[in-house]
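Below are two complexes that have subunit A in common, paired first with subunit B and then with subunit C.
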Partner chain A sequence: MTLILKNIGRRYGKSWVLRNLFLEIKDGECLALLGPSGCGKSTTLRLIAGLDIPDEGSIYINGRDLKNVSPSKRNIGMVFQSYALFPHLSIASNLTIGLKVRGATESEQHQKVSSILTLMKLEDLAYRKPAQLSGGQRQRVALARALLRDPEVYLLDEPMSNLDAQLRESLRPEIRSLILQGQKPVVYVTHDQQEAMAMANKIAVMQKGNVEQIGTPNELYNSPASIFVASFIGRPQINLLPPESGIIKGIRPEDIIINENGINSKIIYQEWLGSSKLIMLDTPIGELRMITSSNDQIPECPKISWDIKNEHRFELTTHKRLN
Partner chain B sequence: MKKNLSLPIIILLFWSLFPLLWQLYTSFCTPEALTHPLEIIEHRWTLENYRQILKSDPPFIRYLFNSILLGITTTLLTLVFSLPAAYGLVKIKPYKAKLIRIILFGIALFPYVLLFLALLEIARDLNIGNNILMLSIPYSALSMPLAILLLTSALKDIPSELEEAAKLEGLNLAQRLKWILIPLIAPATSSTAILVFIFSWNEYPIALTWLSNPDLLTLPVAIARIAGSSVYSVPYGAYAAATVLGALPVLLIVIIFQKQIISGLTQGAIKG
Partner chain C sequence: MIGLLILPAALLIILIFGTPLIRYIWLSFHASSVITGLVPIANKGANWQRLINDQRFWQDSFQTFRFAALSVSLELFIALAIALLLNQKWRGRNLVRAITLLPWALPTTVMALGWRWIFNTPYGPIELIVNLIGLDQFNILSNPNTAWLATVLGDVWKTTPFIALILLAGLQTIPQDLYEAFKLEGGSNKEALFKITIPMLKPYILLSILFRLAQAFGVFDLIQVMTGGGPAGSTESLAIYAYLNAMRFLDFGYSSTIMIGSFILIVFSSIFSIYLFNKFKNIQGYSR
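The block that comes next holds the complex of A and B.
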């Protein structure tokens, strides 16, 4: 049972916002669509949901072609960025309405809604209106609504971007286990690389309507397919050296080491990150970011180098990976 | 600040309420009292004016009933057609919607009095004069441009994600309208309904020309008949009593629904 996107294209007027998109997401797999705003990740989600129609290509859920299938007949559970709870209905009614139109009996509705409210620890809020809930609680209701109907596919559109950083981190493991429990394909849209790494077992990095690379978080970090992926994944950002005979080299800040035989540098400033610190170095090949343990004593003018194994090499014109 | 504003407000209230209060006062006065407003006379206060119009043939209550019936059918007819039209106007391409809105705006501003002769011809040809319910057809047609514009702006304010979420929950168009969209625009719908009702309540030229059977008259026509009933004098007292009774239902509606009317009319203004 899978969700398949085959050669999807979508254009507004003459400009393509998505082109030649191929994705395959299996049951129990969470694919994060990661990229800056305007890269086409939200459009992809809307196409899967049927809220937008592709100009090219086809979408299949479990082998069924979704062409001409209206959103209300697709059986998709979606969590919107704004949560999109119905403001005039109580939490319980927000959850019941989908079951009702799908013909569940009254006792079935009641039983399902009360069990999901218990699961999401929302029992006490059943008769409140969405406006009376905190951001985190609304988020849980939105998630509960998506989980309730046991849909064939889960779509999550920046589900945590309206929450504060602390709440976001504490919700991650919970949401992850809830959406993966269903053993259904999950598509998770985010612009936050940390969130993508934490939530997904596969990430598609997108830029200008194209997928730059699909892989596990590990693959993206250790062998980024392009300069864009290399600089989008990993914080602080990768160091890109000036081009040399048609090659751009990238070094991760944590791969830079102190070495008596290395090149000269001078500390411009340091940033305290807790267990580690970020050091900005001025070197003959430009400014470099370096991460060390915060206990390390670094001289004012350290000599630095890196292991050649840790170099990422990219082609100058295409920005594609060489090694 | 508050202190500075209270005087202008009092002046404003006096300015707009004085004619109404004078009408109320008149309706309880004997004819002698009206001609001698500042002198002390024996019989100043009376209920005779009310007694007179309530006992006339047909009784005044009849006209009240006619106007209420016409107001309700007009309002329902208008809403039944304007809600789908407004929804369609929100969904079609923006440039088309804009064109249609401009046309509607033009129609809404058109002085409808110019139409009454043409409408009378139509009523005669179709043989639908002297029928209270048929009168709601031109009334709702005349109310529709404004109703559509008001409802469109209310529907536009609903975030599109709400309707999309409803689609994904499996709601079809009718269910989305019934359970999500119409409840969400309830304030705008009720203020639109009241505006339409008041239009129908006040309308004069069409009602005057379409209705001739004394049993079928609407309030404005009936009241005008009272004023012109005698060649030698204007029965001010009865006339005032009729206007007071005629204003009561609308006054009640506005007092009960004032919150909805105001929030419905200002809904779009806040979000810009």
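The block that comes next holds the complex of A and C.
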């Protein structure tokens, strides 16, 4: 099974929020749409769900053209950023309501809901209202509802952005295994590059309605296709050197090394990150970020350099990758 | 300490609402009319005895309940339809919203006069239309069986916008993504109305019922202007009966008894409404 987006375009008034979008997501594949707010990632999701209609192009699930197919007939399981749980219904009813409108028999409803409640460890909360649940618990209910739908495609719209960092990290593997078990295409929208790299096996970095690059997390990190991707992926951010004969060079902070024959620099400040530390250096070619092990003794004025093969080179005018 | 701080406000409320109430209760146990020279003379509950045996009081209670029940339920249905319509996005919606509110902004006396003329026989437009399609005279306002329906119509016309506004405010608190989630679950628009919209509007619906019931029980100006309580007392409300006793018959003692009597009836129906309201109060607000 595959989800295919072909030449999708969407505009509001005269401005295009999405243009020339091609995506293909296979079974069991999780594609993260990553980008700053306003890049069109949520619009893409809404177009797939049918909550918004594209002005150009077509969307196919398993070869079926979704044009003129209403959202209720698309068989899509979506987790909303707000979770979109029905506040007037208990958790059990929140899960049952979909089965009911899809015409499941009473015994089927009961059996399916109780098994998903067990799977998601929500049995004790079955008769509570969403408002009586914590953020993490609500998130599980929203996920349970999507799983219960047994959809052809999963869409997750910033599913963890309302949770605190610790909870987010502990939920990641759980969501990953649950969703990927389904062997269905998954589209995961996030603005958190760490989350994208943890959850997805493919990431599409988007900016201003365009896909800048699609690739595995590894590809995006090691050979970013543009300056935007290079600076969006990786924390602390990549160092961009001043342009030199039409070329902008980028060096990851961890690729900068101490070298007696290197260029002069002076430490401006340091940030402790635990096992490593971030050092801000003032150099003749501008300020540079450097990451070293926190055990390393760095002199006040270190001489630094980097391996030439770790350089990322970009064209000055197009911002595209050269090497 | 906190009790002390709310004391001024509490005193003010007791002064404004409590004093007249206590005065009326006191007066309802006294004869105070032209006969007594408007001097209150205690009569050991004779007023209450009279009230319980007063056919006209019970007839008016029935008419007031009938008026309130029909107009409030009609208003609720129409207001819900209007609110749903005004909650959709379409061109000119804001203009229609403003126009919808106009009847509410009009003074009751003015609009009641308008309705009286609309129903006037033989000069009103209703009679004109009835004549045009070749029917006999309609005489709505002079028929005891139909006059109260005309007053209900006037009330519905005037107060529907108010309820529509409350319900519209309620509709706007329902997040759009609930509808989207419901659609993706496979639900239709019609199912969304009964499974999401109306259940989530319940607190607002009950609030409107509470407001409007209390208001409709005390209806006075609309009926006074449209029918004056007639024909044959068929549209007379409790408020009009109390007014007649005080202002026409100058029997303040009995008028107070009627008012306290209808007050008790209103309190009981309000308590019943609050009970309903509380039953649904545990519907929690939506939060992220």
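Annotations
One rule holds for everything that comes next: the second predicted complex is superposed on the first by the 323 of 323 C-alpha atoms of A that agree within 3 Å, B and C clash if a C-alpha of one lies under 4 Å from a C-alpha of the other, contacts with A are read in each partner's own complex, and residues count from 1 in each chain.
Keep in mind that, in the parts below, a contact is a pair of C-beta atoms (placed from the backbone, for glycine too) under 8 Å apart; a residue touches a chain by one contact, two chains touch by 3 or more.
If you're wondering where the values come from, they're calculated on a predicted model, not measured in any experiment.
Superimposing the complexes on subunit A yields a three-chain arrangement in which subunit B and subunit C clash. Residue contacts after overlaying the shared chain place A:Ala131 against subunit C, while subunit B stays out of touching range. By the touch criterion stated above, A:Asn68 is placed in contact with neither subunit B nor subunit C.
Looking at the shared chain after the overlay, A:Ser107 reaches neither subunit B nor subunit C. Once the two complexes are laid over each other on the shared chain, residue contacts for A:Asn162 go to subunit C alone; subunit B is not touched.
Once the two complexes are laid over each other on the shared chain, residue contacts for A:Arg145 go to subunit B and to subunit C alike. Shared-chain residue A:Ala49: touches subunit B and subunit C both. In the superposition on chain A, A:Thr317 makes contact with neither subunit B nor subunit C. Across the superposed pair, subunit B and subunit C both touch subunit A at residues 49, 51, 70-74, 76-78, 80, 82, 84, 86-88, 97-98, 101-102, 145, 149. By the touch rule above, subunit C contacts subunit A in their complex via residues 175, 177-178, 180-188, 191, 195-196, 199-200, 202, 282-288.
Against subunit A, the residues of subunit B that register as touching in their complex are 159, 161-162, 164-172, 175, 179-180, 183-184. Taken together, the subunit A residues at the contact with subunit B in this complex read 49-51, 70-78, 80-82, 84-88, 97-98, 101-102, 145, 149.
Partner subunit C is touched in their complex by these residues of subunit A: 49, 51, 70-74, 76-78, 80, 82-84, 86-89, 97-98, 101-102, 129-132, 145, 149, 162.
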